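Multiple structures follow.
In the two complexes that follow, chain A is the common piece, with chain B as its partner first and chain C second.
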Partner chain A sequence: MNLSMHNRERLAGWLFVTPFCVSLFVFFLYALGRTLIFSFQSYDLFNDPVWVGLRNYLSLLTDPLFTLAFRHSMAFAIIVTALQTVLALLLALAANRKVRGQSVFRTIFYFPSILSSAAMTLIFIWVFQRRGIINQGLTWLSAHVGLLLIFCAVVALVMLVLFLNGRRRYDWVRWYDPFHFACALAIALVVAVICAGYGIGVRSVEAVSITWMNTRQVWGPLPRTLWAIVVMNIFTTIPTLMLLYLAGLQSIPDSLYEAAKLEGASPWQRLRFITWPRLMPVTFTVVTLGIIGTLQMFDQVALLGDAAPLQSRITLAFYTYYNAFPPGGTPRIGMASAAALILALVTLVMVLLQRWVGVSETTND
Partner chain B sequence: MKIKTSLIAGLALCASPVFAEDVVRVSGWGGDNIVVVNTLLNEVLADELAEAGIRASYEPVEGDFAQNITNALSAGTAPDIFYVDSFWGYPLFASGRIATVSEANQAVADDIIPALNEAFTYNGDLKGIAKDFNTLAVQFNKDIFDDAGVDYLSSDDDWYDFRSKLQAIQAELDDVDGLCVVPDYARFAAFALATGWTPINEDGHTVLDDDFREAFEFYTSLVEEGAGVLAADIGQDWTGGCLGNEYTAVSIEGAWMVGFLRDQAPSMEYDTVHIPRHPGTGERGNLVFTVSWSVAADSDVSESAHKLVELLTSPKAQQWVLESGLALPSREALGDNPYFEQDDREAHMSRVVFEGASDGHVEPFAFGSYGESWKSIMDEALGAVLLNERTVDQAIAEAQASYDRLTGR
Partner chain C sequence: MTELTAKARAEQAAVRRRQWSAILLMYGVLLSVATILLGTFLFSLLASIKRDPLEQPFRLWFEQIQPTNWVVAWQQGRAGANDAFWGGLAPGGSVVFDVTYAAPVAVGLEEPDIQIPRRRPGTGMAAVVYQDFAADHVADLEIRRIDDERFTAEDADGLMQEWEKATWRIAFRHDGEGPRLERVPLTSAAPREQFLVDATLPPSLMERRGRQASWDNISPGVLGYVLNNYRRVFKESIDLNTGDSLFLSWTRNSFFIALGRVLLTLTLATTAGYALARLKFPGSRALFMLLLLSMMIPVQVTFISNYLVIRDINLLNTPWAVIMVAIVSAQVLIMKQFFQSIPREVEEAALMDGAGYWTTYWHIILPMSKPALITITIMAFQGAWNDFFWPLVLISSPSNAFTLPVGLLSLRNAYGGAGDWSLILAGAFMSTIPVLIMFIVFQRYIVDNPIASGSKE
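After this line comes the complex of A and B, so read on.
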């Protein structure tokens, strides 16, 4: 049988998309359909499902654990997405500067991303222990706050003296001259060491013993436990987002910056009117990935396990899993399915909302 | 002629018992357990299995065993016999996917410690035969007691004797605390149950009554009373870790401490006593941690599977397990085994833990259909008081409200 070129191309096209279509059907459409049906049923994996209408959704609304998980997920998504987007941009701007050893800095910046989530969580559990590095650092800061103030005061004073002295001879001397800053740091360091030797600015304090993990304390919109996960999540996600911004930065033509410089634009104006609008498609990607990733955050919470109370770490994704496979309890697949669909809906609404507030996939200039 | 002979030989082979064997799929944890079960099946019980015409195939599961078995039972792909932990067994028993212990094995069940059978009984039906178990006991470092000049702990101690000895150690030694206190019902239960309090009463409800409050106050005040330290404050998360690292003088753990101390502190001079008695009732409280061999209800080789359970829990198999120091046997009669009478700290710990299953108010470590949801309420109440985030009154009131919501009281 001889196929015409047109038909051969059509056949090849279908063959190429078939694997994707099969996986889309099996793992998305079919799974979505089953989840939707389960959400209207009472099902424990063993007995036949029983149709219960909207009872699962109504049960979710009256379950305090669900409302808590919902609140946590929303706050977590907004806080982490905002912080990681800003920090990733700043890091990309720093990594994009043409300095010696640029590739080394980029590798160091990217390093946290290649560590496994499980390993990072275990490290962070250790770091956030009552006698962990965070509390030890806070204890040190609390004991040396006077010394730090002395250090900062000496830096400021030396820079002021050098600036005023320089201005007497040269008009172009800037107050933030790097050489003056280096000198001020060196002098302040010597002064701080001498003060520490005499015990000036150092006080004895009780060891800070903040319970980060195994606590029900709440700070603002999140429990303290989830704040610790905020730090961990940002630390591990920023490098990947930084790479996206870095690629975006390198696609902006230098000619735009050169023209702006000729027009007398300040660094801030160049960032505000060239870099930021040109990076808008990247920002859209970064924010979208951030929202989806943070709303579906599961592994770090699951790995915490008994290290923290359920109420201090529960999120929507974990709530879904917790209902599907409650440790030692009867599976509640209907409730889990309803929660999973609400999570999907919330994710969709959040992504649409970000477009509504102006973060879109088109260049905004 | 040659062809004819070969044909006859072949037919004879096909008809031999080798080809009449039932293959029974067996599943349990992975890790070290693989060697233990395979040795049991292929060496210790090899003759009995051959005689019964059973070939056992062990399929270890690494990772979350409970989830794996739940999915397999739901999908109809479960092995023929497998472990069921009393903690997560209830939903599986309720599902009807686990067979009731066969008539033939009722005699085996009669020889098992009653508290263990209770852990696997659902609606009056026994759903598995306990393969081994653990309870809680108090392990203590004799050198620390000697250094502090404090009398050793005794199995006759009540709560206050226990506490005053720990207070004396803490007062005497600068760098050692009495006990690591953990916000975990799996340790607190040793005190709560001693009062006669019942975690889930006959109506299916949890009532945090005055008996409970007495134990709750005693346990959560151990740190404040100078008898203990919060485990998290010294970078630990279990009482055994505190003892093994010599941060504390005592731990409240099971016989799993034998292996742990052998590795962590091989030169430590330690001994083991029973859980302290309630000062009023004179009774002890304890939890039974146990795992059964259960048979899938839809097993194709049901008869052989039940037979294999009988062999795996036979006196011969359990004797081997006990003498290997791997676990405590579930057969009551093995309490008289000479192994327990050895003048050896490990054997002594095993004996005390073995006796714990039949001494005082003993409950299985299981919470019906609630599972972890029940335990987490208790753990959170303990944690909130130990971290000074709630008073005893507040914590109990909040926990009671949570239990009422959970159990529909």
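After this line comes the complex of A and C, so read on.
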């Protein structure tokens, strides 16, 4: 009786997972195995594959386009993941309070992440046109750089004065007192508006006309085209990640902070020894999602199409596709598969690496 | 003593001030982020109804969003085609349009050269799509000069002088034969010293160094005036063989694929999720590891074999191909976690009563899982609707088999090079409408999406 119950459960289990298993085995496991085999073959989708051993991997190493794509992918993944994680955390820390209207903000912040990459990319290609609003914004900035400096100077000055003044009365006042900061911002805003009215700090400049898309210019580790995509990626992901961090922050019990305050811990120490370790699980999630998402960045590159030269936009994921379906050429499935496996390997290594680093970090605490 | 309490009170006030300021600053941060986010979309939405989205400087208050122009566009559309919304020039319709010029009396006003040109709107497919011209169907064209009062004003050199002003009233009707015309363009060229000071509708653009004013459509109708770019998306993305709107076929395909994906996801994710959550069977652990692996490996690693499999079963260029290649691991994970959160007692009672696993799953577990089911339905719909990679790989021709994202790519290729961004932006915005509606209706389920906690395992 017992045994048959047991068998029944087994059978039911297998039957229940069968549909998903078929899909997973055919379109994932089998596909993965086949990619492995293809990577040792020369194959063009039409003639029979020929075994070539490691030659695909060797020709990848000598293909300048591959090394370029590899460099771009790594730099892109690291830059975007780092920037979006740090910025999302900072924004979450700044916004970490239970407030009215939170659901409205949540809705707004989620908004960019639900749109299709196609629509987002097209909007951003428009934003980054030579006559687009990014360049117009930069023109405005360079015309008002003096005003911005005045603004910052006034903020710093007012904060200093308020701090020194407060110091005389309460010894617990710190230089970053939020009240002082809010006052300084308000005063600086008034000063800036008055200055702008008199034309102080405003100069006339030539319109900025940076070519963002159709260019071969390289800035640091990435071509300028990919920097534009970095901006776009961060723009779409930060709000969502910020909400993840906010949820994490709000799950930290207040009593921990109270206790730390009583012990005389500075805000920095509280951040370092309470907030940061408690947020570790969220950081894992954010970084893992970031690495996986950025390494397979494809849609934006494909949608750019002939709006940018191949060398300025290619990534590993696109290199794979480009070799499998080269426009007007013979498919090089072997090369594509080898590159794809390297992409998979890089993803796994980076995810495991950050886990390993993260785990050793938490055990130290 | 009193001095001490006064000091303590002052300190308390300072603390309170600090707290208020901190809240204020936080709202500031939230609001700035929200402004940047929504501002970008607002700007591009405005740009999508402009004639030239790349105009410099970028105006926030322009012809198409001025209500006075809507009223005029409404009236002109009614007069021209008895269609206040989409306007045009239809048999039986007649149009009246005024242009007013002013010039210093010393210079004198000359009659402007007013034409109804044979001009096509925009670039790309427009040349093939628009074959009928208003110029060929205009009858009884009459231009009458109406003199206005003189006035004194400063000219460009700051010299006070007297000006004369006159309106030229252009009137014509449809010749009664031939088709309904979508647009009636107009140009009016005048000598350089003479200024266009008013017109029934503001000119679409000034050409020849400001000497020639030109209108894309003088009887637009209110929607034809504001949403002209959106109309162009439908009119100009057409199948040249059948004349059907490609944008509509893309939308249909996208809906079909999204629907298929939703059904597939619901089936696979609930069954597998149930088994992994509740049933003990050999291989479940291995399956779970494989599932996690499949969430980490990029699709570019597996697409070659999948392409070949689809090719071998002759489903290339069909929506079925795009539906079936999706791996629903994340959704399985969500269902598994949800099922695990349901107390076991509920189903154990049923199993004791002799109900089978299928009955338990179908009649007890699933009805309790509505929130999770809605969540994965939304995820599947949104994922399929926004999917770009699989349709790109699996559907390469004909162009009416595309989905919306791939269709947008073809629009970009056709119009982006010429800098005709109005149509591309309009298409991009239209393609997002279904997910936007879904987001507004079901935002609770999207914002509390457990995918984040799910992929953490």
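Here is the rule we go by: the second predicted complex is superposed on the first by the 285 of 365 C-alpha atoms of A that agree within 3 Å, B and C clash if a C-alpha of one lies under 4 Å from a C-alpha of the other, contacts with A are read in each partner's own complex, and residues count from 1 in each chain.
Throughout what follows, a contact is a pair of C-beta atoms (placed from the backbone, for glycine too) under 8 Å apart; a residue touches a chain by one contact, two chains touch by 3 or more.
Computed from a predicted structure; not experimentally measured.
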| item | value |
| --- | --- |
| Clash or fit, chain B versus chain C on superposed chain A | clash |
| Which superposed partner A:Gln311 touches (first chain B, second chain C, both, neither) | first |
| First (chain B), second (chain C), both or neither touched by A:Gln354 | neither |
| Chain B versus chain C as contact partner of A:Thr288, first or second or both or neither | second |
| Partner chain in contact with A:Arg106 - chain B first, chain C second, else both or neither | second |
| Which superposed partner A:Leu24 touches (first chain B, second chain C, both, neither) | second |
| Which superposed partner A:Ser59 touches (first chain B, second chain C, both, neither) | neither |
| Which superposed partner A:Arg169 touches (first chain B, second chain C, both, neither) | second |
| Of chain B and chain C, the chain that contacts the larger number of chain A residues | C |
| Chain B versus chain C as contact partner of A:Pro326, first or second or both or neither | first |
| Touched partner set for A:Gln129, first chain B, second chain C, both or neither | both |
| Part of chain C, among the options 21-29, 75-83, 111-119 or 147-155, whose backbone runs into chain B after overlay | 111-119 |
| Shared chain A contacts, counted only where both chain B and chain C touch the same residue | 45, 129, 131-132, 306-307, 325 |
| Partner chain B, residues of chain A touching it in the complex | 44-47, 64, 129-132, 209, 211, 214-217, 306-307, 309-311, 325-331 |
| Contacting residues of chain C [partner chain A, same complex] | 10-11, 14, 17-18, 20-30, 33-34, 37-38, 40-41, 43-44, 47, 53-58, 267-269, 271-272, 274-276, 279-284, 287, 290-291, 294-309, 324-329, 332, 356-358, 361, 382, 385-386, 388-389, 392-393, 404-406, 408-409, 412-413, 416-417, 419, 421, 424-425, 427-429, 431-432, 435-436, 439, 443, 446-447, 452-453, 455-456 |
| Chain B residues touching chain A - in the complex, by the definition given at the top | 66-67, 70-71, 73-74, 87-88, 90-91, 94-97, 183-184, 230, 232-235, 237, 366-367, 369-373, 375-376, 379-380, 383-384, 387, 389, 405 |
| Of chain A, residues touching chain C in the complex | 8-10, 12-14, 16-17, 19-21, 23-24, 26-32, 34-35, 38, 45, 91, 94-97, 99, 103, 105-112, 114-119, 122-123, 125-127, 129, 131-133, 136, 166, 169-170, 173, 177-183, 185, 207, 235, 238-239, 242-244, 281, 284-285, 288-289, 292, 295-296, 298-299, 302-303, 305-307, 316-317, 320-321, 324-325, 333, 336-337, 340-341, 343-344, 347-348, 351 |
